[in-house]
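The following pair of complexes shares a single chain, subunit A, combined with subunit B in the former and subunit C in the latter.
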Partner chain A sequence: MALLEKLHRRIVDMGLVPRIIALLPVISTLCALFGFISIAILPMDGQYRRTYISENALMPSQAYSYFRESEWNVLRGYRSQIEEMENMTSSERNNQMGSWLQEFGTKTAIYESQQYGETLYGVMHAPRGDGTEAMVLAIPWFNSDDEFNVGGAALGVSLARFFSRWPVWSKNIIVVFSENPRAALRSWVEAYHTSLDLTGGSIEAAVVLDYSSAEDFFEYVEISYDGLNGELPNLDLVNIAISITEHEGMKVSLHGLPYDQLANNDFWSRLKILSLGIRDWALSGVKNPHGNEAFSGWRIQSVTLKAHGHGGHDITTFGRIPEAMFRSINNLLEKFHQSFFFYLLLAPRQFVSISSYLPSAVAFSVAFAISSLNAFINNAYASISLFSEYNLVALLVWFISLVVSFIISQIFLLVPSVGLLMTISLATCFLPLVLSEKVHISEPLSYRLKNVAFLYFSLVSTSLLMINFAMALLIGSLAFPMTFIRTIVVGKSTEHEMGTKSHTSVKTESRDDLFEHHGDTVLEKAKKRQQLKNLLLLVLTNPFISITLFALVFDNEFHGFDIVNKLISAWLDLKCWNWFVLCIGWLPCWLLILASSFESRSVVVKSKEKQS
Partner chain B sequence: MRIAMHLPLLLLYVLLLSFSTASNTDAAHEAIPTNTNNWAVLVSTSRFWFNYRHMANVLSMYRTVKRLGIPDSQIILMLSDDVACNSRNLFPGSVFNNKDHAIDLYGDSVEVDYRGYEVTVENFIRLLTDRWTEDHPKSKRLLTDENSNIFIYMTGHGGDDFLKFQDAEEIASEDIADAFQQMYEKKRYNEIFFMVDTCQANTMYSKFYSPNILAVGSSEMDESSYSHHSDVEIGVAVIDRFTYYCLDFLEHIDKNSTLTLQDLFDSFTFERIHSHVGVRTDLFDRDPSEVLITDFFANVQNVIADDSKLLSISHYHHHKDHIDTARYEYNNNVLNLALGKDTGNYSSPEVDKIMKHVKSTNKLNIDVGSNECSLTFSKQSAVLGMVLMVMIVLFMMRGNNAKATYDLYTN
Partner chain C sequence: MDSTGFKVALGCIAIRLAVICLFPSLQQQLDQSVEFSTPVTSFRSLQEGLYLLRNNIQVYNHGVVHHPPILVFFLSLFTSGTSISLIYAFIDGLIAYQLTKMTKVFKNLRVKSWLPGLLYAVNPLVLLSCISRSSIIFTNFFISSSLYCLLTEGNVILSSVMISVSGYLSLYSILLLIPLLGMLKNWRQRMFSVVVSALSLSILLLLSYTMSGKSWSFLSQVYGSAISFEKVFPNLGLWWYFFIEMFDTFIPFFKAVFNIFIVAFIAPFTLRYHKQPFYAFILCIGWIALTKPYPSLGDAGFFFSFLPFFAPLFGYLRYPIISALLFLHAIVLAPIFYHLWVVLGSGNSNFFYAISLVYALAIASILVDLNWAMLRIEYDNGVPNFKLKVTQI
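Then we have the complex of A and B:
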């Protein structure tokens, strides 16, 4: 106890607590900086690990792969027919493909969805297996870039024919031909788990094939694994896909990296893949889905294999990847559970697990919490009781902002008019400036509003980082400039009685009296500068504007206000939550900050102790 | 006077006794293996498709001991047996231990005693100690006695002082040591040869404390044992290194072999096995170089000829055997005697000398209940001579007394 007392005395003597309180904004910024740095150091040697196969039963590439020349002939035969199917209607295509599948004994059925078209699928029951589990080979007729997936469809049917002749399967094999890798495939997966009659047991894993060229040769394979809403497939599945691909001699590209950068493995290449990985993970479902996103949510591990380029490896080499993957998955007795579900890949063979990258998002949450604390105690109104009217009004405003945000999110789901949304957002940013002389709020309210806003955002961010780390990191970093918005104090308010229990009114000298005598221009200029700064920060941190800017700068896929459209359609088609994260997580906070940035009048504070 | 009369008889008795015990101890110093039957307990503690090689290990050992003569009634085979008919097996109904598929280990006449979920730690310990309820079938019991040599082979996934049973439980090395002690107290074995092929296998025999156990393990503590090779068609590893090289040696053994366990141990090198094989001999009476492979792996019984000259098997052990000449050595065993084989073309002077003492079975007349201590001719004559001498001396001494008494009476 004596030690604690000594410490306490030292702290009081040094005046540590007031100093820390004064420095809270700096601490908050330092936390955010720490968040950035802790992600940026991950590509350094010693911070990441080599990938390894956790589940010993998988044994990737231990069995020889036989999908070779004789199957190539079969594939070419099918492909020559498929090339002419591009302009057929989807029912004609599905009927033709269905008849081919039935030729070698597959049970087929067509799932018809009102909205998303027809999906053909076939189930090959394992003759010697117990038939309770299944592996899926999914081939969209038109791939994520809306090109006709000729090679993929040919591979699909020839692989299915090849698989039907092997007796080694212990799980059923389901071949799915959907119109596109987006809503059509996802609606099929949903129907499979609810309403379809022909099923093959619970799906363990899915491989989506995308080979859009009609040529026999390709250069490298891009493997996509980002699932919807922050889900990732088990790292074992990704590792066996990469290991098998490299074993067969092909190069692996992650997150759209072009061929010439595949050989690099230094700090910058890893940092690049890490950043692209975080971006793709956060925007998964919003960017063009590759196909594996369709399986998220049902504990199905899925990856997409996409062939790029012309010349190098032949199509049967590409076909050996799903063959070997199926042989490996076939060995399993349990669902994937051994390896990581939360990871970031820095290179095809290098990764970091959640313990390495999570501190970054936590740091951003903490930064917001410290900002909230700063807004509470780092001003003259710290001693106001908890039940004062300012707190209650702040909470009321928060509640109203939640309701308003929810209404906005629903309105724009129904009426996807993005232009309107952006103009409204921009217009509201100018409100404090436009209404600068007319509307005033009291200063304590301004601080309380900020307090509530940052606290709420910190809570949202903390809950989100468990589920969807990348999204939490994204909104945390993009919204952080909100903490730099300063309350603008102008003039003094009239004497104001605080209606609480034991206060008596005491007149104190208002500080603003002094200011008024010193040249209005200095004050005015400072005020104007601050208002412009606030405006800029408000514009930058508006959820919709911010995400649009982010998408335009960091992603080639989006043009103009595309991303907001995509956010809305991702919810409507795929049930991706990102739209609601922005609307209900970020927007209320922004609205509160907007409210707090109106000009405010200082208020006389009755101190509890002085009773003169 | 009376004492003087009894003294010669006493002396005679003492002399005869000492000679008999002398000859007895003489006989005991001859190292005769005293087992009359051989048993094998072969255990694979793994299940699942990717542990194919453990199944292949045990089935290979099973095949070896069967080939060398141990009947199924004396083999206890414990397997999970989920590999041959696994839907992932490209060759249904077959288990191979080599990618050349030369031998189908599961081909015919495999009798599994404990299969699937019956392979548990409890069943294994009960098997060793024979603590069963009355209705437990005899074919699943280890019905050994004090003249049984038992070969115990275990394979699977192991660690520091433990072995994993069927992915659900573990057996500790202390448990096996205690089971062996129970077996010793119940006189359930003559000698045990314990072989274990797992990771950190040598720890499994570190806790044994009962006599007459010889143990060999495939790797040291903190060392892994490795598989030998994979079969790319089946898609799994098919045999472990230690067992592969054991089999490499044992495939050259047949029932006539005079190779010893020391030869087997010498064939294990680090370059082949990739781990340090350990051998524990301190609990074992005999030197491994005196123990024939067939003492444990085959069902061979040694015959003791009833003759005036005691024949010791250890004569054979002085020859330095080589693998090439092994098959040309003539073994003194029941098989060859019954066949009435003579040395024929392949005799050597030492063999001839010994063969003079070998009788064919129809001439043998061993009385089981007879006293083992049989005296040789030289010893018999020495004893008779001593007796005669003593008799003469005592007679001469007695004569004086008689004369004295006679004189008294004649006075």
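Then we have the complex of A and C:
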């Protein structure tokens, strides 16, 4: 404390305080820059760590895997039958599969959802355990690209048959055949925890199989692990999936990296996986789900294994991954808790933990907080009382914009008309320009609006930090240009010394005194320039426009205004609340900034006592 | 004169009723959140008590109900949920009214008289605490009534009775009797007040004794459980984490220490600020909100409702922005970290504990800053001189 006191006194003595206050906008930008840099240096040597299996009980690949050539014929037999199922109705398909599962003693049931169709599942009771825990092998009939999951289904049933002959299991094994890896699987998971009669205890882990070709051979395995709403499976599960896959000789791809890039491991490749990882993490659920997302929110660790390419490894090798994973998970005595729940992968075997990557998103949050502070104290109106009308009006406007945003979020859930939303968003950006002659707000109000807006955004981004880091980083960086929007002051303030602190237009104004005849045009020009700049920034930082642009530039999965539709359906189908983060977290802030960018008139502040 | 108070109170009630009507399920959600409901104040356990009472089952033999008998009896008179909501809203309205009236007593306060009441009405902490039907609102009401009786009417008897009722409802607020004594004029009044409070408290206890079927079991359930922190339950306070981690042999000792910690600061605050007794009283409210075993956001909200009375001090605060940001972040992050820990399982108890420490730090920094501000204005003899630099040695 004494040290702090001393430091504080030294800073005051050196006269740094006013300088620091004047530099607040720069500091804010520096903070944001720090956010970018601190995440960009993570792929450098020394910043990341090698992954390791933290839970000793897992022992991946320690036991010999027996799902080999002997099972191949069984698998082929099932596959040739399943190939004919593609055009069957789902209940025919499920009945056939159900009867196969029953042949080797699996209890099966069919969950019927009104909205999402039938899901077949079977429970194999553990020979050794007390049956309170389960592992899930999920096979969507059609995979995320809507291809018929022939290999996956054949693998699923032959693995189930293979597992049923083993006495080693201490956890129940549940095999699930859902229509798709999206809402159908999700609704089954929800039903499992709420309404189903046939259950097999709490699900510890889930593995989703995706092998959509009917061929015997494939090239490499893609592992997807991002859960909904910023959840990730325990790193141990991802680690055993990767280590088993590599142990069996296959290459692991993360975030859709193509085969020819899998061997790379340098700064740029790691940076690429890192950035793709953040993108996929933030948009998980909004992007086409792989299947593992369906298990989020129930304390289930899940990954999706997807086979890619032709030639190389045979299909039983792919089957050995879930086999060995189940053997590992079967060893667990406790829930997954040892390893990391918050991590970013830079390569299949390299990761950074939360302490390394969190500072970047914190920096964005701090940048917004500093901008808020800047709007509060870095102008002539800092001394206005805490209970002044401006503060109250600003809070009121904030509340109204919150309500408006909430209503918008609900309306577009009911009527998902993206064109309308985009038109409205774009049109409102022009309001300050169009109404520049008619509507004026007072200058202190403009600053207070900004103050509230940035404080709110900072709070939103802080609250997302832990729960959905990628989203916090994404909206933090996309919305940051908002802080560059300047208040435009028109009309001369009667007391000059009050208004000459900062901001371009005011500065030009004080220069006017020398060149009176040029004054007005210079002022007008500066104002126009600032208005156009504000307009551009407003358009860029509108949550809907911004996220659409982001998706178009950085993700080739989205076309046009697709992403807004997908955000909405992600909420409706999967309960992925990214839509609300945009609508209730970002939009109110943007609306406040929009309100603050109307032309403002300066107000003469009566000299009052200082309110620091 | 009265109309502002009535308007504020009506507004306060209207807001509460509107929120209850708009979000009918909010009550249950809040009642299950650790921030607003604690084992000793939650409406769930109160309902349990109502049920037991209505069915003539011993209320205090099951270790579930920690609400005092008279409160349980009083609420059992109302059967429908609507009437209970109305009572809660009405009591909050009364507090808002009392705040407004109290503002008028302080003549040289440059704050509009409706402001504290209005801030109370829209303060989300108090609002949500009221919606959650936490029984802390009754304690708060009697504390504010006690102040109200003394400040506006100079009624020592009523004021002492009120403070003893608040102590009856939740144990630690009886400590506020000490700063209340500081607000009285002379020793005769003080003795009188002590006697009146003791009398009314014993009447209340005797009444409870007869009401709970001539059994003293309620004493250990209502007060004993609070003092000995029987239910180690996560909350925003400083106690729970400490007692999870401790060896059993040390627990009684540290429970005593924690209790003494609460009591120890009350008298010094009162003595040091004997010239500003109202200020000492509020400081004590804040102190109890910080250190009590089962605090909720309702306590903090109530404490903050009195801060507008000290508007002249605001200029002296050294780090109001830091305190405010700390508090804001603590209350925003607390439910999230609890969710990470309990629902998602990706966090652990340390997350929530860390944020409850931030919360405590925020309240503590507000208290410390207020202390500084008051000492500073004392140094300036009541005439603000912000230019003067004073430092602590």
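In this text, the second predicted complex is superposed on the first by the 566 of 612 C-alpha atoms of A that agree within 3 Å, B and C clash if a C-alpha of one lies under 4 Å from a C-alpha of the other, contacts with A are read in each partner's own complex, and residues count from 1 in each chain.
One rule holds in what follows: contacts are C-beta pairs under 8 Å (C-beta built on N, C-alpha and C of every residue); 3 or more make two chains touch, one makes a residue touch a chain.
This structure is a prediction, so every number in the text was calculated from the model and none was measured.
J.: Would you sort A:463 into first (subunit B), second (subunit C), both or neither based on which partner it touches?
T.: second
J.: Counting residues of subunit A in contact, which comes out ahead: subunit B or subunit C?
T.: Touched residues of subunit A are more numerous for C.
J.: Counting only touches as set out at the top, which of subunit B and subunit C does A:484 meet: first, second, both, neither?
T.: Once the two structures are laid over each other on A, A:484 reaches no partner at all.
J.: Touch check for A:129: first (subunit B), second (subunit C), both, or neither?
T.: After superposing on A, A:129 lies in contact with subunit B but is clear of subunit C.
J.: Which partner does A:299 contact after superposing on A: first (subunit B), second (subunit C), both, neither?
T.: After superposition on chain A, A:299 lies in contact with subunit C alone.
J.: Under the stated touch criterion, which partner chain does A:63 make contact with: subunit B (first), subunit C (second), both, or neither?
T.: A:63 contacts subunit B only, not subunit C.
J.: Once the structures are superposed on A, label A:327 by its partner contacts, choosing first (subunit B), second (subunit C), both or neither.
T.: first
J.: Report the residues of subunit A in contact with subunit B in the complex, numbered from low to high.
T.: Residue list for subunit A touching subunit B: 56-57, 59, 62-64, 126, 128-130, 167-170, 327, 330-331, 333.
J.: For the complex, give me every residue of subunit C touching subunit A.
T.: 111-112, 115, 308, 311, 314-315, 317, 320-321, 325, 328-329, 332-333, 336-337, 339-340, 343-347, 351, 384, 386, 391-392
J.: What residues on subunit A touch subunit C, complex-wise?
T.: 5, 9, 231-232, 297, 299, 335, 337, 341-342, 369, 373, 386-387, 455, 459, 462-463, 466-467, 609-612
J.: Using the touch definition from the top, list the residues of subunit B that touch subunit A in their complex.
T.: My answer: residues 48-50, 86-90, 92, 230, 232-237.
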